[in-house]
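What follows is a set of structures to go through.
Here chain A shows up in two complexes: once beside chain B, once beside chain C.
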Partner chain A sequence: MGTQPPLMRTRLTRHARNLALELVLPLVLLVLWWFLSARSTSPYFPPLATILSQFQQTWLFAHFLSDAVPTLQHLAVGFCVAVVVGVAAGIVLGSLPLLAEAAAPVLEFVRSVPIAALLPAGLLLLGIGPAFQIAVIAFSATWPILLNTLDGVRGIDSTVLDFARSYRVPMLVRLFRITIPAAGPNIIAGMRVAVSLAVSVVIFSELIGATDGIGYQILQAQFSFAVADVWAGIILLGILGYLINIVFRGFELLALRQHRSMRKPS
Partner chain B sequence: MPSTPAAPGVPPEQPPLISVRGLVKRYGTKDTDRLVLDGVDLDVHKGQLVCIVGPSGAGKTTLLRCMSGLLAPTAGETVLEGVTVTAPPPALALVFQDYSRSLMPWMSVRKNVELPLLGKQISKNERRRRADEALAAVGLTGSRGQYPWQLSGGMQQRVAIARALAYRPHALIMDEPFASVDAQTRADLEDLTLQVREMYEMTVILVTHDIDEAVYLGDEVVVLSGSPTRVRERITIDLGRSRDQLTTKSTPEFVALRGQVLQLIRRDRYATRTAD
Partner chain C sequence: MLALRAAFVLAALAAWQLVVVTGAISDDAVAAPTSVARELPAILSDLAFWSAAWDTVRTWGIGLLVSMALAIPIGLVLGSSDLAYRMSRFTIDFLRTIPPVALIPLALLLYGATLQMALLLVVFGSTGPLLLQSMYGAQQVDPQLRDVVRGYLLRRRDVALRLVLPTAAPFIATGVRISATMSLLLAVGAEYIGSAPGLGATIRVYEQTSNIPQMYAYIVVCAGLGALLNLTMMRLERRIMAWAPSHRS
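So, the complex of A and B:
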């Protein structure tokens, strides 16, 4: 492993350079925003300084515990439910082609209904509160995961299936050591779509039926015409979305490390 | 019992380990009917290495799939140690043609070999011991911790062979196992097969399209006819147990046997063509 340290160093400098590149444009935009809005008197576009001080007052950390944490909790619970349901259903359907064929029209129909259209129905059924949030997140995030898992399981090589059958690999071993890893890249791709969908849906649901949460706070700010507060909430959402993405990318790298190195020439 | 002639070199009183009787496989519905196997009879005795050859398009893979319980025959049966095969039996292990697709790329070599053992009621230590032993038998002790994609094609196929050996089958079924490696690797793997067979006293059924390979490896070569497939001829290969790539292949006996098999296949290919 004598070549490891210099290789690591070049990789590190490359990462540092990429990070710097990624940071330049946002910083330039922020500076521009700061100076261009500094003397703004428009009630709709308050100076960035005002928005940031509002951001600090509201979210660091007066409302963080009471509103941001619930949003993240609902997001996490709903997303986990979606992963479990989506992966399980995807595997079952992927392993039973006939059932998948029979279910296809129903799946396509339910998936095609815009989630926004389902929110009023969900609100009627579940009422205002966390159950509603979690249910709509789980519901909307399930589909991309399910359909991608289904594709992944269907795409498993026939030789692998022959191997599992002829060597009498027991069902659970087969599930966790063959099926799930084989469909792994597809499952993760589905999860990636589902994450961004879930973030939109949680805010959406908080706008129409919640008693706390970031979306709820933004709505309250809008009702009381606290424009800087609305902007502050949006900034918080942007930051959270960005962080969630980073966390997810880390998870992806970890989960697919075998698949990734496989593609590298050895 | 049908009166099939006793296999060469084996005491006739011993019942065959595997007996294929009147195997018929028909694919498709009434309209798209295709007869692939048209009554295949075949006996393989314990310790024998039988090579199956046939013109391309003969249902060699179909035959193996039926024999190993992966595919239900339309008629006839495969009897393994006195029991009719209806599902993959634990006494058989398959080595697939495409090693790159039959190994799990997300598992180390050792984990790949251990994978089929997870269904057997044996301890973790015993599992590891068997895997390591099998890997040693194919000369891959040093690669246990590597991943399949880090190995050459020949080494990957050795992993697949080790995986089959660790499963401790009574017979090994190999479906064109060396079709996708280069000539030198192929020769090495052929010798490895002979060596492993000697070491484990394994019964081996090997399908190949390479006539040299069939004659070099086999105690018996079964020549299949073109589609629909029947057994055309069974040829005893009297070249002794110890064989060598150089000397065996240049003996007049080898050359004669090779010519004999080639002629059978050629004639069949010609017959199939004129029939079309």
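So, the complex of A and C:
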């Protein structure tokens, strides 16, 4: 056994080492991609250099405002609608067990519809445009949130509810101080599933019924056989998706920290 | 309870019928349940339907099997080693956040409107969740237990088959269920957007020729397929995993 280095330094070096470890593989893959594709003449796998210069031309920042921003907007609006509707419906159904039982088969059926099969219905109803896009995003993201909220509300300890009832805790206080915090972890689990679903659906919607957006740009690139542009769009989606994940993880930590502190025995 | 549920189903159908019949929603956009019901027998006796359904199920099945063959072994290996897990984490996270649908244009350029195109999409999309679940499952191995097993100098194969696999199995099972749902969604999506043969492509054709009742009949069939799949996977998971503590109730 050698002498122990100061704790602070070991922690720092450990963090640095972990970060380095995480970055090794992506770097190796990028370098490999760069060199293996450098002399590629295949129309489908253009050199990475071409893709990156295309990426820079399209997304930094010529089309960023006109296409990436609408995608993010539709995503955000649709997702927020889904959270509100999903949590509200989940709480209502969770507080009315009889209704939830009766509705179970219908809910289960609607949830199982592959969302791609519902897109044409949405398109016919709302036509091409943001209304259609936001509606399908909201629709598909609602289900995981609704079902998880329902589970969470059902799982609340009945003594807590009896206690609240016998002390005549007002309904709004009960809702925001008992029901929502108690179902919090479930709601967030549902939201996590819903986020990645919503990202998929926004691209789905842009491929069939939009006039702007990242998916729309990728589609245009495909039509004009601009393969490097197709790749650039996919890379952008990877970066944005990763950032969305980081934001969501931050939100999750924040929300659940509150939950943990509430659970602390006093 | 059964009566209550049946009543709810009927109420939902009645509400659907009502909005269409009263004209609240135009029947150019949504077909009434009665007209969908009229179409169903004709569709179910049509050979084209069964061939389309077979195409969809085949894409789904092959795609799911390929992703299982890829994701489960790789996930178990990566999950068993802390170093490997750390090294691959960023890459997997990044690839996983790319919505698989975004690959449709690329896949179309590569393969055209074919089974391969749909398969590329399905495999890309359903490998991710399963890989994560397998990794997570392998990480649940009790380190003490692993040391004991290693201490008795069991062969690597025995460690893998008797310790890692059983520990990870419940997580893998959940992953397979998630991936199965994902595979169907992507199969139908690839068919609808990319015109790969299958139910999705038929929906597209009926949409473009404005055969609204037929289109809705196919949508209903797709929903039924999805529900059936969900139910089967859930039952299967419960049966296969009956021995696992997490699945006992």
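Criterion: the second predicted complex is superposed on the first by the 237 of 266 C-alpha atoms of A that agree within 3 Å, B and C clash if a C-alpha of one lies under 4 Å from a C-alpha of the other, contacts with A are read in each partner's own complex, and residues count from 1 in each chain.
Basically, a residue touches a chain if its C-beta (ideal position, glycine included) is under 8 Å from a C-beta of that chain, and two chains touch if they have at least 3 such contacts.
Computed from a predicted model, the values in this text were never measured in an experiment.
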Report task. Look at A:Ile178 in the shared chain and tell me whether it touches chain B only, chain C only, both, or neither; answer first, second, both or neither. Result -> first
Requested in this report: Could you look at A:Arg168 and tell me whether it touches chain B, chain C, both or neither (first, second, both, neither)?
Outcome: first
Report task. For A:Leu253, select first, second, both or neither according to whether it touches chain B, chain C, the two together, or no partner. Result -> neither
Report task. Report for A:Val84: first if it touches chain B alone, second if chain C alone, otherwise both or neither. Result -> neither
Report task. Could you say whether A:Leu96 touches chain B, chain C, both of them, or neither, answering first, second, both or neither? Result -> neither
**Report entry** Touching partner for A:Leu60 - first (chain B), second (chain C), both, neither
**Finding:** neither
**Report entry** Winner by number of chain A residues touched, once chain B and chain C are compared
**Finding:** C
Report task. Using the superposition on chain A described above, determine whether A:Leu32 touches chain B (first), chain C (second), both, or neither. Result -> neither
Query raised in the report: In their complex, what parts of chain C are in touch with chain A?
Result: 1, 4-5, 7-9, 12, 25, 28-30, 83, 86-91, 93-95, 97-106, 108-110, 181, 184-189, 191-193, 199-200, 203-204, 207, 212, 215-216, 218-219, 222-227, 229-230
Query raised in the report: In their shared complex, at which residues does chain B touch chain A?
Result: 65, 68-70, 88, 90, 92-94, 96, 98, 101-102, 104-107, 115-116, 118-119, 147, 149-150, 163, 167
Query raised in the report: Along chain A, where are the residues that touch chain B in the complex?
Result: 157, 159-160, 162-163, 165-170, 173, 177-178, 181-182, 184, 258-259, 261-262, 266
Query - Of chain A, residues touching chain C in the complex - result: 18, 21-26, 29, 44, 98, 101-106, 108-121, 123-125, 196, 199-200, 202-204, 207-208, 214-215, 218-219, 221-222, 225, 227, 230-231, 233-234, 237-238, 241-242, 244-245
